[in-house]
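In the two complexes that follow, subunit A is the common piece, with subunit B as its partner first and subunit C second.
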Partner chain A sequence: MKTSATTRFALYAYGILALIFLYLPIVAIGFASVSKSRYLTFPINEYATQWYGRALESQTVSDLLVTSLKIAVIVTIVSMVVGFFGALAFARYEWKYRSLFQKIILLPIFFPQAVLGLSLLMWFNAIGVLPSWKTAVVAHLVWIAPICTLIVAIRAYSFDPALEEAARDMGASTFVILKEVTFPLLMPGVVSAGLFAFLLSWGNFPLSLFTTGVDSTLPEWLYAKMVSGYSPLVPTVGIMSVVASFIVLMLALFLPRLLRRGSEAS
Partner chain B sequence: MQQLDRKLGFFSALPMFVVLAVSFLAPLVVVVLFSVMPQKVFDLAHVPDFSSFPYFFEQGYYKSLLWSLGLAFCSTVILFIVCWPLAYGMAKVFGRFTLVITIAVVMSLFVSENIRLFGWVLTLMKGGLIDGHLQAWFGVGIDGALYNVPIIVFGLVYVYFPFMLFPLAQGISMVPDDARQAASDLGATRWQILKEVDLPLAAPGIMVGSLLSFVLAAGAIAESKLLGGQKIIVIADEVETAFTYGQNWPLGSALAVILIAVIGGFAIFGINLINIDQIMGKKR
Partner chain C sequence: MASDTILTLKQITKKFGSFTALHPTDLEIKDGEFFTIVGPSGSGKSTMIRLLVGIDEPTSGQIWLRNQQIEHMPANERPTCMVFQSLALFPHRTVGQNIEFPLKIRGVDPSERKAKALELLELLRLPQGYYSKRVTQCSGGEKQRVALARALAFDPEILFFDEPLSALDYRLRKTLEKELKELHARTGTTFVYITHSLEEAMVMSDRIAIMKAGRFEQIATSDEIYAKPVSRFVAEFMGEVNLFEVEGTSCGSLHGHGVEVHLNGQASELGCALEKGMRGTLMVRPEFVRFLNPGDTCDYVVRGILRAEFALGSRIQYEVETSSGARLTIEKLREDRFMGSVDDEVTLGWDAENSHMIREDLHATA
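Our next item is the complex of A and B:
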């Protein structure tokens, strides 16, 4: 059944509209970040990059960056490991509680994150752990490790178990099979899971809100400034955070390709 | 082989079980325990008196829950209608453009939701991106776009857009073209194809998308706070207030337990209905 040209055109137009709808607020922040005046009104009369200089000099901003980065890096590493094994249990091995395991993994994703953050705060309090950026790592993992599992699982579903069986028939041990067959095959899934983990942790707000204690992440600081009165640094730091995640994404997308090309050339 | 699979399955699930036991199960147990404690205590060494639960009705907290559920329901319905054509395009029509949309939508997810909502405040506020430019060019602006109930629904639709779009697209891609072709050859109208072929066959995707959007929207705070300007107080906001300003952990926990029970009920019911292997594209 062919879609008529009119319908196709309408659908494309709709798709472009949807993208505009998604990015309009980010564009608004972008404009706001280069406005010269302290009190923002549109249309912007004078453009200036002074707030970027201000933000880069600020000790607060660099502390925020370091905290967010520490959390995101550890969350990424742990989620990749947990997600890799979780995905095997999720998609590959036929074991007794597989379907239960699949459902349990979905539960935290279907959970209000702010409530989860509060529950974690009470739990840390009950066992006498002082909230800091380290507890925020635990909090991020509740939500991000299951998502990573799902991402690796998509890859694991399309994987032919005969490959593992062949290796086993030729006498490879379970560990060798994991290292030489399973891991290389799931590698692309693990890498994209890591990318998701990093970026989701970097941008997460509701889970950090109650669990970072005296430390503060970028999204938390931005939120605090948004509700307690406008600061011209808010759009600037917001855009810097967006640009940072964009750079990470681009590196992850294109670095492997460049490296491959480099090694082919040499 | 089967024996080995069983053992390996269990061992590879272990790290995840450890993570979830520490960061999901244990906190939930603590919340439930706190919810039955006497008012305003900060540890669990007290005799439970269940005093927080009557407040849910006496102090009108049930209204906040109803608001949350109502807003979540409205935004889920709107999301379904808004996302369907796009998801259809992504699954059946676009080809390369699907990749562009997918990357663009996923990228927007990586921007913290409060930054994006703040962007809408800048866009819609008086003297904002839209109003300011309209004033400057035509002399008439839009007034009062912010701080009302519809704008909260708008915010929810905006934030949870990807959570409806991707499952829907996945669901629609599971509808075989042959089935639609056959229906069309047999003289079915477009509306009939949608009703009799597309909707039933894409049901798993519809289910996951609606469930995700509803559940996440029901527990959302930032939309009503940033865009709604406290016009209405949603239940998750009440929970937060009880903890922070109220300094009343048992009350906050009791409200959280009620919210968790309602949302968890929906989530468990929905998760049980779907075939996870099928929707994630299991080939064997």
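Our next item is the complex of A and C:
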């Protein structure tokens, strides 16, 4: 389609404004994290990386990182497994209450997370489980596993059921079909589900706030520090958290490609 | 070609809830035969092949593969294999890995597998370099050959085909039909093929079964199905055809409904006798109808007006309307084209040996 000069101008203007709106805050935090002063002021008079050094030395920050990472990694692994088998049940097998199951399994995604967190906290109290990072894992899973199921299911819907039938017809047992056909074909879906699981857990605030008990995750700490007792470590830790997400994202994008190249070369 | 029976169906039925997809059906397929089941969608042919392959189980009845009863044997234990409609090639595998799949399942060692795959590539006229090509990079016709190679790698007792050519364009389909027939002759394996295209069936098959509403209407060679269909359905399924409702008269002649048919001779002599009051359907294919010049005689004669002329490539098709409003289709090779023009009055005729009386009500469906 041909666009007029005015349209082109409008498109560029829209694109630039949208990008500024989305990225300006995070860029500002980036600047703040390398400012020497304790508070964010513009223009920044003196740049320094001291806060990064302080953050890396800080026991609090490393505890926060470890807690967030523990939760995110466990949630990722469990969500991938649940998502894979859930999606098979969801998309590939005909059973009586399937359509009902499909609707109910996705419902938690739409619950307000604060309500979900609160109700889980009350439930943990009722059954006498002390809230800690472990209960937060459960809480994250309630919200994230359905999302992963949905992501894998989209992949599962798009593949031809005849592939499994053909494998069976050529003598493959159920286990061999799973290993040779179903799993490799759903793999991209499982990887993206894992990526989502990690990032959603890593950045989650409302569920963690209610369910971590004495433990604390990075987003919780950031919030706490903003509410009471601002520390210049806040922008620094914030940027570190964003960078961590970015690294995971890049790994997820490029690792499968590298692995594939490796397997083709062999 | 051995003439032993390889596959026998005894009173096979399949029901889905209260719907009967397959009425009690018997069938015998001979060893080494190219057998095709043809029917429109919903006729039960897909249901049939799924039972034969072992993806579904019949509601009742028996399936015998030589001396072994197999109707409840799962697909992965049966020594048969199918080329799926979608081909079902594994998109995450190379051409070579696809072809080797059945051998890998059987635990054949890699070097032997590769040798077999390369041999099959050659058999199907694919370059050896395709061994490491991605399946997703192959064209439609190449994928077809890869799917065939994979099925042949399985070395099945019977090779089933579920409309594998339906998604291809006309020219490629025609080429592959001939290749399949040739491949059948070279391998000697029994091929059982299902399709909705009788044209496709006729090119390739030794015998054809026509299916309608969960039953076989007719099982015969393609010549017989073309010339002597047992029902209107079969006659019309096989391309253009002229059908006339006729009734036997007391004088041994035929009375046409909707069309005036003149017989030159006795119906009994022409092999189309109907008892008085008995109805039948007289069939003649468009290419056997002739435009008569004054003085020409034919066993059957019909008069009408030429209404339209269509060019069909190598042939010309004419449409003639009779005084009673019935329409006849005539086809002539381009070199034999009729020199009249539209709205001319014409006399048509054909001989008894080229027509066939369909006695549907007299015929008991086997």
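Operating definition for what follows: the second predicted complex is superposed on the first by the 241 of 266 C-alpha atoms of A that agree within 3 Å, B and C clash if a C-alpha of one lies under 4 Å from a C-alpha of the other, contacts with A are read in each partner's own complex, and residues count from 1 in each chain.
We adopt the following convention: contacts are C-beta pairs under 8 Å (C-beta built on N, C-alpha and C of every residue); 3 or more make two chains touch, one makes a residue touch a chain.
Because the structure is predicted, anything quoted here is derived from the model rather than measured.
Colleague: Is A:24 contacted by the first partner subunit B, the second partner subunit C, both or neither?
Modeller: In the superposition, A:24 contacts subunit B only.
Colleague: Once chain A of both complexes is superposed, is A:184 in touch with subunit B (first), subunit C (second), both, or neither?
Modeller: second
Colleague: In the overlay, answer first, second, both or neither for which of subunit B and subunit C A:163 touches.
Modeller: Second partner only, subunit C.
Colleague: I'd like to know which partner A:192 touches here: subunit B for first, subunit C for second, both or neither.
Modeller: Neither partner.
Colleague: May I ask you to name which of subunit B and subunit C touches more residues of subunit A?
Modeller: In the superposed model, B touches more residues of subunit A.
Colleague: Tell me the contact category for A:132 with respect to subunit B and subunit C: first, second, both or neither.
Modeller: After superposing on A, A:132 lies clear of both subunit B and subunit C.
Colleague: Could you tell me if A:171 is touching subunit B, subunit C, both of them or neither one (first, second, both, neither)?
Modeller: A:171 sits against subunit C, while subunit B stays out of touch.
Colleague: With the two complexes superposed on chain A, say which partner A:11 touches: subunit B (first), subunit C (second), both, or neither.
Modeller: The first partner, subunit B, only.
Colleague: Go through the superposed model and pick first if A:58 touches only subunit B, second if only subunit C, both, or neither.
Modeller: A:58 contacts neither subunit B nor subunit C.
Colleague: So which positions on subunit A get touched by both subunit B and subunit C?
Modeller: 165
Colleague: Report the residues of subunit B in contact with subunit A in the complex, numbered from low to high.
Modeller: 1-2, 4-16, 19-20, 22-24, 26-28, 30-31, 34, 42-44, 85-86, 88-90, 92-94, 97, 101, 104-105, 107-123, 127-133, 136, 158, 161, 177, 180-181, 184, 211-212, 215-216, 218-222, 225-226, 236, 239-240, 243, 249, 252-253, 256, 259-260, 263-264, 267-268, 270-272, 276-277, 280-284
Colleague: Can you check the complex and tell me which residues of subunit A touch subunit C?
Modeller: 160, 162-163, 165-173, 176, 180-181, 184-185
Colleague: Give the list of subunit C residues in touch with subunit A in this complex.
Modeller: It comes out as residues 53-55, 74-78, 80-82, 84-86, 88, 90-92, 101-102, 105-106, 150, 154.
Colleague: Considering the complex alone, what residue numbers of subunit A touch subunit B?
Modeller: 1, 3, 7-8, 11-12, 14-15, 18-19, 21-29, 31-32, 40-43, 78, 81-82, 85-86, 88-89, 91, 93-99, 101-116, 118-123, 125-126, 138-139, 141-142, 145-146, 149-150, 153-154, 157-158, 161, 165, 174, 199-200, 202-206, 210, 218-219, 222-223, 226-227, 234-235, 238, 241-242, 245-246, 249
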